[in-house]
Amino acid sequence: MKQVKKVSQRTRAITGGALVAALALGGFGAYAASAAPAQAQAQAQAPAAQADAKTDAKNKNLTESTHLTIDAATKAAQTALDAAKKENQRVTVAVVDRNGNTIVTLRGDGAGPQSYDAAQRKAYTAVSWNAPTSVLAGRLAQTPTLKDIPGTLFLGGGAPVTAKNAPVAGIGVAGAPSGDLDEKFAQAGVAALNK
Amino acid sequence: MKQVKKVSQRTRAITGGALVAALALGGFGAYAASAAPAQAQAQAQAPAAQADAKTDAKNKNLTESTHLTIDAATKAAQTALDAAKKENQRVTVAVVDRNGNTIVTLRGDGAGPQSYDAAQRKAYTAVSWNAPTSVLAGRLAQTPTLKDIPGTLFLGGGAPVTAKNAPVAGIGVAGAPSGDLDEKFAQAGVAALNK
Amino acid sequence: MKQVKKVSQRTRAITGGALVAALALGGFGAYAASAAPAQAQAQAQAPAAQADAKTDAKNKNLTESTHLTIDAATKAAQTALDAAKKENQRVTVAVVDRNGNTIVTLRGDGAGPQSYDAAQRKAYTAVSWNAPTSVLAGRLAQTPTLKDIPGTLFLGGGAPVTAKNAPVAGIGVAGAPSGDLDEKFAQAGVAALNK
Amino acid sequence: MKQVKKVSQRTRAITGGALVAALALGGFGAYAASAAPAQAQAQAQAPAAQADAKTDAKNKNLTESTHLTIDAATKAAQTALDAAKKENQRVTVAVVDRNGNTIVTLRGDGAGPQSYDAAQRKAYTAVSWNAPTSVLAGRLAQTPTLKDIPGTLFLGGGAPVTAKNAPVAGIGVAGAPSGDLDEKFAQAGVAALNK
Amino acid sequence: MKQVKKVSQRTRAITGGALVAALALGGFGAYAASAAPAQAQAQAQAPAAQADAKTDAKNKNLTESTHLTIDAATKAAQTALDAAKKENQRVTVAVVDRNGNTIVTLRGDGAGPQSYDAAQRKAYTAVSWNAPTSVLAGRLAQTPTLKDIPGTLFLGGGAPVTAKNAPVAGIGVAGAPSGDLDEKFAQAGVAALNK
Amino acid sequence: MKQVKKVSQRTRAITGGALVAALALGGFGAYAASAAPAQAQAQAQAPAAQADAKTDAKNKNLTESTHLTIDAATKAAQTALDAAKKENQRVTVAVVDRNGNTIVTLRGDGAGPQSYDAAQRKAYTAVSWNAPTSVLAGRLAQTPTLKDIPGTLFLGGGAPVTAKNAPVAGIGVAGAPSGDLDEKFAQAGVAALNK
Amino acid sequence: MKQVKKVSQRTRAITGGALVAALALGGFGAYAASAAPAQAQAQAQAPAAQADAKTDAKNKNLTESTHLTIDAATKAAQTALDAAKKENQRVTVAVVDRNGNTIVTLRGDGAGPQSYDAAQRKAYTAVSWNAPTSVLAGRLAQTPTLKDIPGTLFLGGGAPVTAKNAPVAGIGVAGAPSGDLDEKFAQAGVAALNK
Amino acid sequence: MKQVKKVSQRTRAITGGALVAALALGGFGAYAASAAPAQAQAQAQAPAAQADAKTDAKNKNLTESTHLTIDAATKAAQTALDAAKKENQRVTVAVVDRNGNTIVTLRGDGAGPQSYDAAQRKAYTAVSWNAPTSVLAGRLAQTPTLKDIPGTLFLGGGAPVTAKNAPVAGIGVAGAPSGDLDEKFAQAGVAALNK
């Protein structure tokens, strides 16, 4: 009882913010990077909660967490890579789950060596704070030491994947001439999950 | 459809083995280290599947995984530490989830410095192969390079936590004069989850 | 003789500062982050001495240092975690001793992956300089390279635990939407030690 | 001239051995693990040369190396993963190029945490010595310290991909109950490149 | 067919930029650091594509990449070191290929300990973005977190080596009193490849 | 009350073994490597408890631990180094405290590069199990994976320093032609603490 | 011949700068941090040459480098530690040679955990650029990415030791309330070498 | 006085052994791997002293150590690489100085990815114990944990370079089908220093 109530409280607490407003209602949320940057930055450093951990009716010691299947993650990564290829950009794509573990990496033909780590870190950062890394980079103006947390990279190119109002994965792309371009491809990967 | 069928196939495949025979039917399984060592070793290197990833009826891109709540994990770790204290042993206890992430560490008073990493690695190893590390250590006779996998430690003291016929966590204890003693405390931690 | 005198001199040297003024006299000191920030920042980079190392009357080769018991550290961490839960925040809590060793970690349900390392580093930083990390972050304005010291994180959320006028541990919390919120929970953990 | 001659000499040197006998003549070579183990072991520690580095007719400073395209590498990895799924095994698959860089990783649903690093190291080892890791593991009897080379794992589950009589990639699979099973899936991945 | 077309598209896309304008037409391109800094910076964060990956007519699964021979890389490194010696500067020189692997290091007599890692990172950075690190350092004004990508160093002294309109290697020099001086020696190394 | 009793129980538990029999009663114990090897090995893997953690009468949350002063540790290290010099051996000496932290290192003139890490690891191992590393190396026959615990080195040359019936530090020496010789120098360092 | 001439050229090149003006003529040079900061900063990033590498008359393949003896390094470190104790500061002291290897560490009683790594990095930085780290920190204004070179720390507290007009070691102190104080103790260590 | 005497004592102590008997008297010593293996193994674990550290007549705080010039080291590495090429072997060559720092690396065309680290570790091991790694590998029979010292690799292919009766560098080769072959090339590199 208590735990179910707590979860709904948490949801309410979050729905008050700009962040959740951008979450897709009926499927995977491609956080729109252009949406309300001012508000988003006001939420400096606001990491997102994990996909609703539902209590097990029979065993209160257990909780469930939500993940992308490997098929879904591969589809998203492949779509991001294809989007980059269409614009003749050579990139690496990574998908990281909510626990911070990398589940897919695709090093595109001709992608620079720096893109492999960068893609993973962007994905890690996006899923940790449930926001595109282009938005998160803006938060450094207020809280510059956020970027000193190990494993993170506050550089455009990472997009969160949300389900049930919470982050379940991050997609990171690196290798294009700008973080905006990288992030466009990452968002294409997120969008593929709704098809 | 196909996926549900696949899952049940997997379950059947596993239930044919000695490993599952030792799983608790009605709750958390404290793998009995004394049970059927010959058979267990015959399953050399057989890692266990994660707690049944249930497909989301509404979204085939998603899967669920099972975790201990932090309250349950803390209770298990505390119980293991108390069990060691009762025998005047100074140990560190760690709980690692199925994704390999440490969720609880308790460095007991007076535990040696080596016990911190050792406890985590034992827990990591136990959850990776869903077997006590004392049993897994025996598998090295056949497959000695198993122990070269990063993050593992094939030394008694790690016990898997199972739920729904699959591993959900590992509990590792280090610091007592023998791995058997360490593992006894780890098993006490597992047992606490059934109370 | 000489050594006892030296210790008292040291104490005097420190009691002249704002830092010690905030130390609790009769128990564990929850450094008040709101207290005298200007003065605190003037003490840029002033690490704190360890709990009074008392000389052994019978053996001048030995010295004693003060630690939290694992029971106390667990109680503090649990309290910090509960405080976060009450506000529906999903965080990780870590306790680090004066030697820099982590003694307790509790990864809360649904806490982001970045919170685990962040919590430990905040705790490490707080105990190293005997000040809340929110205060220490302010010192970077004068001495920006302080944050390049390995293992540190100058981000709100770490609180020192003091005993006998010296730091004995640090409590770090990470995962809430702001460092101030994280630090509030860490302070709740410190406060629990006085009950 | 001299260089072309040298290359052909090298080829000859290698074709004298059992290793090359197993190379596919008309496409990608799936090294048959069952072939001539005695002979293979006699070649203890024989790493393979990279795909023929052709000199650039116009610029003797340059050389060319052969790689799998990301599309081919993804296809191979996906095939290996599917082969495992068909047998209800939960594994991670990795593809590493001849330079030792990982180009694809797919962490299968429910694969244990140890499988991610293990798969990469198996792939790395297979491409380094151009032999299946099950064969390479046998070489440790004669040269046990081979396994101390950083990044390697001498455990069944890695298969080399050859082209033009030289290794161009390695496919590593980890997570099944035995290295032989892992390697069967890896070989399925290699075979997919000939279709 | 499709792939060949794609490659030519990519080439066109790049030749439109300031970056390529500085590439040597008939051999190895020593990117002129003095050329068009404003334009270069406008291309903030624009990594370069790898040397044209040509498809294998007989096997569409394969692609070729271009590397310096070890003889060429050694000649370039030696020339850079000699250039430094002539000006009584004590430096380390490193050559890194397009895959990020170091292929040559020469630690000059009397070079400081910091120069070894620094030279490799400068070379790595130069080949990743196909620009001298002195130019890349300027890009941090717009995109400061670029420098948080692992393995990079945005400090003068790294020069890219290009062939066929794409980067094939980076030469890094460290140890002289200024990054400009280091880079002058690195450029001397690049120039040696055209003789 | 309870805790005091527990401590004495622990002491009794240990005093039953060969290990404690070798502890010096009136000062620092130089564990005699020649004493009772059979018995010692029977205690395979028996780490030692930390110097008695005394409870603080006024605050049950606190415990005290015993350390060597830096002056004592330096004296011990210097004595070990001098002992090596007298026999024309070039070694590195390290002192590690019970928390695993290195407190003194002295890299002797002409000591090989491998000796620095080796000395620290030997010291770390000796203090972790409260036994000379020459004795601990013997335990690997029964429990070979003990040596896989991070930070350890089971090679002669490490000697524990005990006080109040518990380990407080380890002294490690590396660089002489044999571990026995290294350990002789380490024991000289321990002996210096009793003068 | 040629090489001797080259060395003298190098010396001349350096003697033109402010840096060398501060070198002690008749012994070990304690670089005066107060001297000519403007000029020093103008020499941004000017690492120092190693102590004159003299050619071996009989073998031109060999060169000699100058080091502190372990006795001298220990004396310097001990003096720095004593200087800190006199002012009731609890610090760690490290001495690093010109090759970047740590030769002495002394972790003072009660020094914070962060001081150990910090002291080594300050010493490393001071010997790399042959200047006090307080001066080097000033250079970041012009060349901020200098501090991204691995192993360095641009924070007051490191002082170079020079001999024969070149750096031979660095002394680093960390743990006092300010870098200036740390550096005062480090300079005391340098001064001890002239007695 | 005392120090000079000590040095000569050391020399005498060493000249009594089999190891020194193999040192070249008039130049660089290519330790003959075939010489007296039984005796060499009897000296299990006997690291070699550094090239005679001569005391500075004017300053007893200083000592000199001997290094290869970068020109000599490059010549040796190049010769080793050429020797491998002549036999159509694709290898990496590394030269490490007595302080353990790598001074030259040459990654030969087509050398496997594992060869880069392996070559450096072989060189490091050879210079640490002043013996070929093929001989050192034999010592593991008596002292198996020697190989657990960080940075070492006890696999044929490393050869020490000696001067003035002491090791000054190590040359490591990796990538050929056997360690013996690798070591033959390394010895060719050593031999080049006597021409």
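Just so it is clear, A, B, C, D, E, F, G and H label the chains in written order, and each chain counts residues from 1 on its own.
FYI, contacts are C-beta pairs under 8 Å (C-beta built on N, C-alpha and C of every residue); 3 or more make two chains touch, one makes a residue touch a chain.
Quick caveat, the model's predicted, so the values are computed rather than measured.
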Chains contacting each of chain C and chain G, listed by label: F
Other chains in touch with both chain D and chain G: E, H
Same-interface partner of E-G, chosen from the options B-C, C-G or F-G, over half of the pairs matching: C-G
Pair joined by the larger number of C-beta contacts - F-G, B-F: B-F
Computed distance of Cα centres, chain C from chain A, in Å: 32
Separation of chain G from chain H, taking each centre as the mean of its C-alpha atoms, in whole Å: 30
Multi-partner residues of chain H (at least 2 other chains): 53, 63, 65, 67, 69, 99-101, 109, 113
Interchain contacts (touch definition) - all pairs: A-B, A-C, A-D, A-E, B-C, B-D, B-F, C-F, C-G, D-E, D-H, E-G, E-H, F-G, F-H, G-H
Chain A residues within the chain D interface of the complex: 67, 69-70, 74, 78, 81, 101-109, 113, 116
Contact footprint of chain C on chain A as seen in their complex: 6, 9-10, 13, 43-50, 53, 63, 65, 98-101, 124-125, 127-129, 143, 145-146, 148-152, 166
Footprint of chain B on chain A - complex, ascending: 27-28, 53, 55-56, 59-69, 71-72, 97, 99-101, 163, 168, 193
Of all residues in chain A, those that touch chain E in their complex: 85, 87-88, 90, 109-115, 117-118, 121, 137, 140, 147, 153-155, 174-179
